[in-house]
Each structure stands twice: as C-alpha cells, then as structure tokens.
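When the chains are written out, they are named A, B, C, D, E and F in that same order, and each has its own residue count from 1.
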Amino acid sequence: MPQHEMKLVTIICEALAREVVRRLLLEVGARGHTLFAVEGRGDQGDRSGEMLELSNLQFEVIVPPTVAATLLERLERDYFPKYAMVVYESDVRVRRPAKF
Amino acid sequence: MNIDLLEAIRTNLLAPPALFFALGLVAALVKSDLKFPEPLYVAMTIYLLAAIGFKGGVSMAVAGIATLWLPLLAAMLLGAAIPLWCYPILRRVGGFSPVDAASVAAHYGSVSAVTFTVAVNFLEQVKLPFEPYAAAFLAVMESPAIIVGIVLGKLALARSVASSGASGANGTNRDAGTLGATLKGALHEACFGRSVLLLVGTLLIGFACGKRGLESTAGFFVVPFHGILALFLLELGTVAGRRLGELRKVGLFLLGFGVVMPLLHAAVGVMVGSAAGLSAGGSMLLGTLAASASYIAAPAAMRLSLPEANPTLSLTAALAITFPFNVMLGIPLCFAFTEWWFAAT
Amino acid sequence: MNIDLLEAIRTNLLAPPALFFALGLVAALVKSDLKFPEPLYVAMTIYLLAAIGFKGGVSMAVAGIATLWLPLLAAMLLGAAIPLWCYPILRRVGGFSPVDAASVAAHYGSVSAVTFTVAVNFLEQVKLPFEPYAAAFLAVMESPAIIVGIVLGKLALARSVASSGASGANGTNRDAGTLGATLKGALHEACFGRSVLLLVGTLLIGFACGKRGLESTAGFFVVPFHGILALFLLELGTVAGRRLGELRKVGLFLLGFGVVMPLLHAAVGVMVGSAAGLSAGGSMLLGTLAASASYIAAPAAMRLSLPEANPTLSLTAALAITFPFNVMLGIPLCFAFTEWWFAAT
Amino acid sequence: MPQHEMKLVTIICEALAREVVRRLLLEVGARGHTLFAVEGRGDQGDRSGEMLELSNLQFEVIVPPTVAATLLERLERDYFPKYAMVVYESDVRVRRPAKF
Amino acid sequence: MPQHEMKLVTIICEALAREVVRRLLLEVGARGHTLFAVEGRGDQGDRSGEMLELSNLQFEVIVPPTVAATLLERLERDYFPKYAMVVYESDVRVRRPAKF
Amino acid sequence: MNIDLLEAIRTNLLAPPALFFALGLVAALVKSDLKFPEPLYVAMTIYLLAAIGFKGGVSMAVAGIATLWLPLLAAMLLGAAIPLWCYPILRRVGGFSPVDAASVAAHYGSVSAVTFTVAVNFLEQVKLPFEPYAAAFLAVMESPAIIVGIVLGKLALARSVASSGASGANGTNRDAGTLGATLKGALHEACFGRSVLLLVGTLLIGFACGKRGLESTAGFFVVPFHGILALFLLELGTVAGRRLGELRKVGLFLLGFGVVMPLLHAAVGVMVGSAAGLSAGGSMLLGTLAASASYIAAPAAMRLSLPEANPTLSLTAALAITFPFNVMLGIPLCFAFTEWWFAAT
C-alpha cells in the first residue's frame, strides 16, 4: 500500500502546561496524540524531572500539513510567550492517512 | 528565653527531618548523582497527604464540629488575607510586575504540608500538646489564597489591557474577555487540584469512618509516617539544593522577602490562633502554616490560570528559600514566639 | 434479615476500602489531576499479591494438604465452569461475536485479588471467621477460566475460517493452522503471567517457610496491609471513574450482565463452598471470588492469545461495572446470602 | 565519515502488544530496537497510562529501507486489525550502516 | 512566520553515560537538550531497564547543521568505541532559530 | 560440623530472602512478564541503604568511636587490598586485558549491601550476636577498592600509550595526559556516588540523632525492613536470572573466579575480623562483605572513569554469579567457617 505524507509536530513543554496543550490539540483538530515525561535543559535552566513543577512533557502529534500549520501558528502566537516550550516539525509517512 | 530558643533550634536540627533535609542539600551541592525518581516523589506526596488528611479527619470526628468551626474559619480568612498585604509589598518594595506579585503572594498565602508535618514532629519532640484535628487547618488554607492571588493577577491584566487600548493581538483580548471563564477554571483547580482533593477527601473519609477506620489502617497511616517524612525531606533537600543556583536570578529582595515574611506570618498566625481559642500547640501550628509557602497546589494553579507570571520567582522563593528556612529555623523560632506570646497573654 | 443486610452494607460502605474507592471515583468525575504514576500502581499490585500469597501459603502450611485438596479442587472447577455458561449467554442474549463472548467469559471466570481482599477486610470487620488459607482459592482460580475462554475463542475462529473456506489472507490461515501453538502460548501466559506467578510463587514460599518466615516479615506483609489496600482502592477508583465514559459504548446488555452475573456467581460460589465443607466465612470468600472478574491476568492473556477480541468490552465490564459493584454492594449482598444459606441448611 | 540513509519506523501500540511486536521485529530482521512507555489519545479513546492494560508503548526501530518496507507490510496486514496502533516512517542518517 | 531548517540528533546510550554525554553536548555548544529513559535491544544484548546499570537513555538535541556535524564527529571518534550507543540525525524545522 | 553446615544451608535456603530470590530466578527462567519498574527498584535501594546506614549510625553512637576505629580501619584496608591480588589473577590466569582486570578487581574489592543484609538476617535466625554497628564496615568498604581499581586501570592505559608511542589519535593522548583529572573525577564518584553518599550520610545522621531519632522512625526503618528486603530479592532474582544468558559470553574462568574468590575472601575477612577483635558474628559479616562484589557503586564509577573496560564481564560476574552464590550458599559456608575458626583459635 502506498505511503502518505504527514507532519509530525513535537512539542516539549513544562509539565504544568499539560491541559493547556491538550486542549489546543483538540481545538486545532488533531485526531490523537502521544505524550511522555522527559527531562531537559534549555534557556530556562535544568528541568531535572523530580517533581511535576520541574518536569517536562513531550507531545508528539501526527497531523496533515494544514493542521500542522495552524497548530504551529497558534503555539507561536499564544503559548511561546507564556510557557517554557520547544516545538519542531518533521516529515513522516503513514499508511492509513484517514486516521489523522 | 534565649536558652530556650537555642535548645529549640538544637532539638529541631538534630531530629531526623532536618538532618535528612540537610543530607539532601549536601547531595545537591556536591553534585551527587543521588536522585529520587519522580514516581517515588509522587508516591510519597500521596502518602503524606492521605495520612495527614485521614488522621486529621478521624480527630475531627472525635472533636465534633462545634469545636471546629471558629478556628477553621480563622485559618481560612488568614490564608485569604495574606496575599492582600504581600501583593503591595511585592509591587512597591520589590518592584515586581503585577502578575508576578500576584503569583508570589498566592504562594505565600497558601501552605506547605511538609512544613506543617515537621512542625507537628517538633511539637511531639518537645511534648507540647496541640489540637489533633490541626490537619484541617492545612486543608482549608490551601485554596483561598490561590483564588485571591489569581483574582489580583487577572484584575491587573484586565487593567493593563484596558489602559493600553485594544492591544492588537486577539490573544490578549481573549484573556481579558474571559475573566469569568478563567476564574471558573481557577476555582476548579483550587478545589479539585490533586493536593487539595487528596487532603480534603481523606479528611472527609477519616471523619466518616472515625476511630474504627484508623484502627485497621494505622499500620500504614501511622506506624511508618515519621520515617517516610524523613525520607521525603531527603528528596526535597536535593530538589531545593539544586535550585540554590537560581537564587542569583531572583535577586536580594526576594531572598529577604522569603525569610522575613514567614517570620511575620508566623507571629500573625500564632496571634490569630490564640484569639480563636486554640492551645499554644495549635496556635504554633497555625503560625507555621501561615509562615509556609505552597510549592504544590499554588504552582499548578498559577501555571494554569495565570501563566503570564514567571514561575521561577515563586518556585524558587517557596522551595529554595522559605521551605529550608522554615524547616531549619522558622519552626523553632515560631515555637519560641508562641511560648512568649502565651506567657505574655 | 433486611436489617442485617442494610447493616452489612453500611459497615462495608463506611470502611476505608469503599470510602477510598469512592474518593477515587469522585476525583475522576470532577476531572481532578490526581493521578497515580504507573510504577506506583505496579508496586502496589506486587505488594498486595505477594502479601496475600505469602500469608496464604503460611496458613496452608499450618492447615496441611489433607484439609485443602477438596475445596481447592472445587474452586478450580468452579472457575473453569463459569465461562461455559457465560459464553452462550453473551452469544445468544447479548449478541456478542464468538471471540468477544469468549473473552468476556474468561474475565468473569477468572478472579480479582482486590475484590477478594476487600471481602476479607469485611469479614474481619463483622468478625465472621474464615479459613485463613483462602488465598489459595484465589491462586487456583485465576488461570482455569482463562484457558477455557481461549479454547472457546480459538475453536470459534477455526470454525469460522473453515466455514468461510480458504479466506485468502494467509494471516488467518496461520491463525487457524496453529491452534496448538497458540494454546501453548496461552498456557504459558496463564501459568507464568505476572499475577499468577507472583501469587502462586509466594504461596509456595509461605508454605515452605511457614510461621517462622512470617514472623520476621510481618512488619511488611501484615502491618501496613490494610492501609495500602485502601490507597490502592483510591487509585482503582480513579481508573474506574475515568472509564465510566466507556459505559455508553458497551451497551445496556453488558451493564446488566456485569451486575447480575456477579450476584448469580456469588450464590453459586457460596453453595459450592458449603458443599465442599467450608465454613460460612470461607464460602462467602469463594462466592466473592466467583462473583469477581479479572482485570489483570485475563486482559494480558487475551491480548496475547485472542487479540481478535475487543478489549474495551471486557475491561470496561470488569473494571468499571463489576468491580465497583462488588466493592460497594456485592460483598455485603454475598455476605447476607451466606448468612441465609448457612441458616437455611 | 559519510552518513548513510536509514529508515526510522515508529510504532505506538497498546502495552499488551509488547511481546507480539518484539517478535515481529526479530522476524523481519531488525538488529535492535528502542522502546518506552507513553500515554496517548486516539480513536480508541484515552490511554492514560496508569495500568498496563491502559498504557501504550512507543517502539523506535532503525532499519535499512527494505526491512522497513517488509515491517510496514506485515504490520498493516497482520496487526493493524487486531491492536490499537499508530505507525509512521521517517528518514534518518547514521554513521555506521553496518550496525543496522 | 517562516520555518528554519535544523538538525535533530538522537543519541541512545547506556544510562551510565549520562554525565559524559551531557558534558559533550555543552562542549560542542548545544543550547539545550531533552532526555528520557528507554529500554532497548541491540548488539550488546537486551537492556531491560530495571536497574540503572541495565538502562538506556535517549537524548534528543536540536542544533544548527554545523553543530550537528561536530557533535557526530566527536561521538564517533571518542565515544562509539567505549559506550553502547546508537546515534542518528534527521531534519526538522523550527520557528525560532535563535533558540538553538 | 558437616551436619552444622547442612543445617546452616537449610536455614538460609528456607528463609524468605533466599526463597524470594529463587522465585525471581524462576520468573526469569520461565520468561514470565513479571518485571519491577525501575522507580520501584530505585525506591527499594534508597530505602535499604538509608535504613542500614541510619540504624548503623545509631549503633555507632551507642558504641562510641573508641571501639570502632580499629575494625573500621581493618575493613577499609581489606577492601583496598582485595583488588591487588585479584588483578594479577585476572591478568595472568584469566588472560584479561589490563582495564578489564582492573575493573573486575574493583567490583570484587567493593561490596554488596544486599548480601550484607541477607547475612545479618541469617545471623538473626541462628541467633549469633554481632556488633550492631557492622553497617559501618559496609559504608567504609564501598569506595577504597574502586579507587584502587581505577588507579590500576589508568596506570595500565598510560603504560600502553607510552609503549605504543604517540599513538596518533589525540583522544588517547588526552586520556593519558589527564590522569590527575580522571582520578579527581573518580574520587568524586567514589565518595559522592549515590550509594556511598546515602550510606555514609544516613550513618552520620544516625550517629548525630542517636537512639531518640530511631524511636520516632523505627516504624519505617525497622518494622518493614525484612519484608522489603525479601521483595527486593525477588526483583534481584529476576534481574540476575535474565543475565544468566550472558554466562556463555563471559567464559568458564570468570565463572570459577566468581565462586572461588568469594570463598577465599570470606575466609580472609573472617580472619581479619577476628584479628581486629570482632566477635564471631562481626567477623562473619566482615567475611561476607569481603566475599561480596559490588553491582551499584562499582559499575557507575567504572563507566565514568574507566569506560574502556567491558561492563558485561564485571556486571555478569558480580550480579549473575557471585551474588546468587553468596545469597544461597556463600553465607552459610562463611558461617560454618567462622564457627570453625573461632572454635580453633
């Protein structure tokens, strides 16, 4: 079966932004997402992951290109100024495009 | 009196809680790879809150509501009032932005369960009796200050949007336009956030099942309690120690604020307690609660409802300044003040 | 008798297990962010199974094999038999596909360790004595129903492949062709899956080291047991509560099945127990086991050996319908039935 | 040293499919794999990750393009119908192609 | 806002190499990184993740292409021979290039 | 004597620690999916080290420094000396490379806290008294061998670079050029690595707060200790069992080394202990420590400071050969030797 191009948007953010990001993903129309706890270092210092207040989450969302664009737009405008966050986009291929 | 104070400090510093906390600080300072996994941190938090709440609830059942309402109301009002004077101090003396001032004020009005527990431990050591239902103060003091802080911050944001006119980005418009929605969210978080829910929920459970429920579960909620507290303080010591580096960033004012305000709040708390008819021990616990700053309930609520505030300021102040200060020195100082106040009045 | 039943329900609902479970349900329903990390869930599961098994084994050593074999055999046969009548009911009345019927039937033939423990707790509260080696029933009842369920499902699959002819994809061919291999895998999972292995393994350890082994470890396996159970129920409450939303998907039939079958199985279990010579307390525990549905061993085995079955159906039924029902009402109802049955016979 | 093109196949699946996926990876000839626990939301609802039965795993496998094709083929044919699963492929570069 | 090309370098290594890799990342000038615990299988056998000594870590680092090249060079020369490690590079796009 | 040995083995094998360990081995061998999450492993390690250290420190406070210094010095020297004879044996008889020999030697000079605790458990069962501050031996024996091993390895690397001339890659140059820096890093890791820091830190805490501190925390550090140890051994059994497959890779020599050296070291340890004035029980514990091999502190230090060494060799030897041997047979053998030695002298 042929493969279909999709975008993978990865969002690394402070753990306390969990609900905020979840809601945004629903709002822009992502059909699903995956997330897990990570540690990190960045401009806002070490986030060593011992307590929720000092932890990060990594969201991974597969979406069609248009949704990816909206999502990135919204993140940049509304959330980059307020939350510790790193976001990047990459190209992936899936088998069942109808799922995303 | 002086001798008493030194003795109180010695007693506190040579008990397991302070010593384990100090070991954690040392581990962080020598950059040891000792680190508690997050699930263990969460597990210990859940255990401590459930045990405190449950035992407090059983004691409430024993004491009866009639005895309780006045001190509880006093504790709640005290918690709600603290941000009201912290905010202007942070704004004018500290030069903080409105949202940052509101957020820090909320942290200092809310409370720290671990600080409370170390104080209980201390009272047991010095054999000063206290109202066993004191955990209920802890439960009712977590949320009010958070709500007050969020309202302060949101009002300030609304004012700044209004004064700067239609500031363009509809993001800010939305923020200002939905003060009501935000407050609903904040209220939800303040009432159903994990620490409040656990504490209030287990308090009600303890109240519902009374002494009999405690009998069957004392082997878990009572027997290992003090040891688990010690281990938890070891962990908090490593966390606080690793944040000491942030002290440079937050500035001298906050350092002073984080030490002076707890002393002031402790005194106010003790006086309010004694006025509400509490024993010396109970007043001392209310003082400690007033002096403590929240680093669980408040940060979660702030990041959700007032994300414009800089979390580094409030978390560093609560966790790396006020918490160590209280656990090491604040508690014996509060005790000495209580002794003096109750002797004087 | 009516009074007795209400009193039994009250006793059960006002004890820590049910109250903590209810708090968990509430936390889920108000969408609190209270959440137990998975490692804590696993740790509590391991603890509870090891403690139950170990203490049961010690009691087996005390009781001796001669007393044990008949009730054990009865328990095993009962577990294996339950899917045999659940399957046709689910097929004909519920209109389930063969694999779904087989999977749900396996879950209801197998057992829930936590339900069992809450029942033990209840018996201790109402002071009805029971055979202390009853944990052995739990151990022998986990697997048989799982095997029976998998065989039922595989036979149905083989039939459907045969009837639809060479159905093209060699995937299905392979599935059908290797019934033997699948059964070997299923047997492995049913015997060495983590919960069975832990329970049976610690049962054997307890049996081997006897009272002396328990003396040195009672501080861990006995002292905090009831409290840890309460905390675990809080967690299960949040999990079950979050699954309540799935109830819409599974339909009214399964809702009824998940409440009626436990009542029926409880009655059958009590009668089998009394026929096998157990005391009222022991029969009540066998009834509770029969009434309970597995949500650890069975799901794991099904996803491995019968992945064609829809896991939402069985897990929602076991976890969000039958488990809460048993923990809240099923246990006192089973108790009342036991009283009546033993008074009547 | 030059870089070599490989495929990264990411498989997000229900935790109880762990052994099944492991075996498939061995079967198609993947020399190694990496996996970790994740939470997620998808068509099969919220998988909040508190208990194994409600958890997800994310497998990440680096394989040569031909192996990737076989792996995706097999997943689609045999496992998509039975397990909650999201699979995607992306391009990566490695230094030691002989390792994969 | 336009997107900017960056490199994502993923390093899967034994958990006891944590400090060593952290230091290397600082040395080559990565402004931040993200890491999390993973399990794995590879030429050095199963790393089942029960104890630190048998666990893996996955580092994810977003860096400009030149930093990525240095990082890969250094890893290959100094660390591949000593530590169990798998490293790969892929292309991503970010919104705030100044952050990396 | 023979009878005594068999009886000692029987006592050891039928106690919970060995039985839980055996269950873990079985779980791994039948490929059960029983698996402890890493945070639980870490939590149990932290608990065991903190409890051992804390109780040991309290006993040190009771015993006083005057009694302690000679046995402590003897234990330290013994730990530092063991690698000095292991290294040439591994080089010449085993044909190991210099770094591998140095690394394995360090593991065998350092110690295993769990092996020590199982031995303590055994002594309590057979009612042979021992110095209660023996945990201090454990604390002082972790690091010295690690430092010695790293020095041995680094010297060998420096020699090989020197002999092969300027070997081109500046990587090796740097390695050789900064022996001092590496040793500083190694010393840091050996003193502040998580297990050493926890053990030494809690030892000092126990020493500082004495009996009084233990009273309030015994419900956690004493009551559940033996049970948690048993559960931890279950986990270690699964880990060791899963590594049995590596035995093929490490070769017959290391298999022999991992069984013979512990016996030898046990004997040396007992003799050193009795020479330093310890009781039979204390000497037996020193023998067990000498016999044990580190699988926490040593691997971490080696991967940091001597990464050229193959970790599979040392970890498999320590964890899959010597640890099971000691926990099952080594401890009763060491006990029998101690009885004989103290009867003979």
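The rule is simple: contacts are C-beta pairs under 8 Å (C-beta built on N, C-alpha and C of every residue); 3 or more make two chains touch, one makes a residue touch a chain.
Since the model is a prediction, treat every value here as computed from it, not as a measurement.
Participant: Would you identify the chain whose Cα-based centre sits farthest away from the centre of chain B?
Facilitator: Comparing chain centres, D lies farthest from chain B.
Participant: Let me have the rounded angstrom distance from the C-alpha centre of chain B over to the C-alpha centre of chain E, please.
Facilitator: Chain B and chain E have C-alpha centres separated by 39 Å.
Participant: Can you check how far apart chain C and chain D are, centre to centre, with Cα atoms defining each centre and the answer in Å?
Facilitator: Inter-chain centre distance comes to 33 Å.
Participant: Return the distance between the CA-based centres of chain B and chain D, expressed in whole Å.
Facilitator: So the centre of chain B lies 45 Å away from the centre of chain D.
Participant: Where does chain D touch two or more other chains at once, residue-wise?
Facilitator: 19, 36-37, 90-91 - these are the residues of chain D that touch more than one other chain.
Participant: Touching two or more other chains, which residues of chain C qualify?
Facilitator: Only 33, 35-39, 42-43, 223-224, 300 qualify.
Participant: Chain pairs in touch?
Facilitator: The list of touching pairs comes to A-B, A-D, A-E, B-C, B-F, C-D, C-F, D-E, E-F.
Participant: Can you tell me which positions in chain F touch chain B when the two form their complex?
Facilitator: Residues in contact with chain B: 37-39, 42-43, 46-47, 50, 188, 192-194, 197-198, 201-202, 204-205, 208-209, 213, 216-221, 223-224, 300.
Participant: Within their complex, state which residues of chain E touch chain A.
Facilitator: 1, 3, 6, 8, 22, 31-36, 62, 90-96, 99
Participant: Please name which positions on chain B make contact with chain A in the complex.
Facilitator: Touch residues, chain B against chain A: 35-38, 41-42, 169, 171, 235, 238-239, 242, 245-246, 295-296, 299-300, 303-304, 307-308, 311-312, 315.
Participant: Where on chain E is chain D touching in the complex?
Facilitator: Of all residues in chain E, those touching chain D are 10, 12, 36-43, 56, 58, 72, 76, 80, 86-91.
Participant: Touching residues of chain F toward chain C in the complex: what are they?
Facilitator: 14-16, 19-20, 23, 26-27, 30-40, 43, 121, 124-125, 222-228, 230-231, 234
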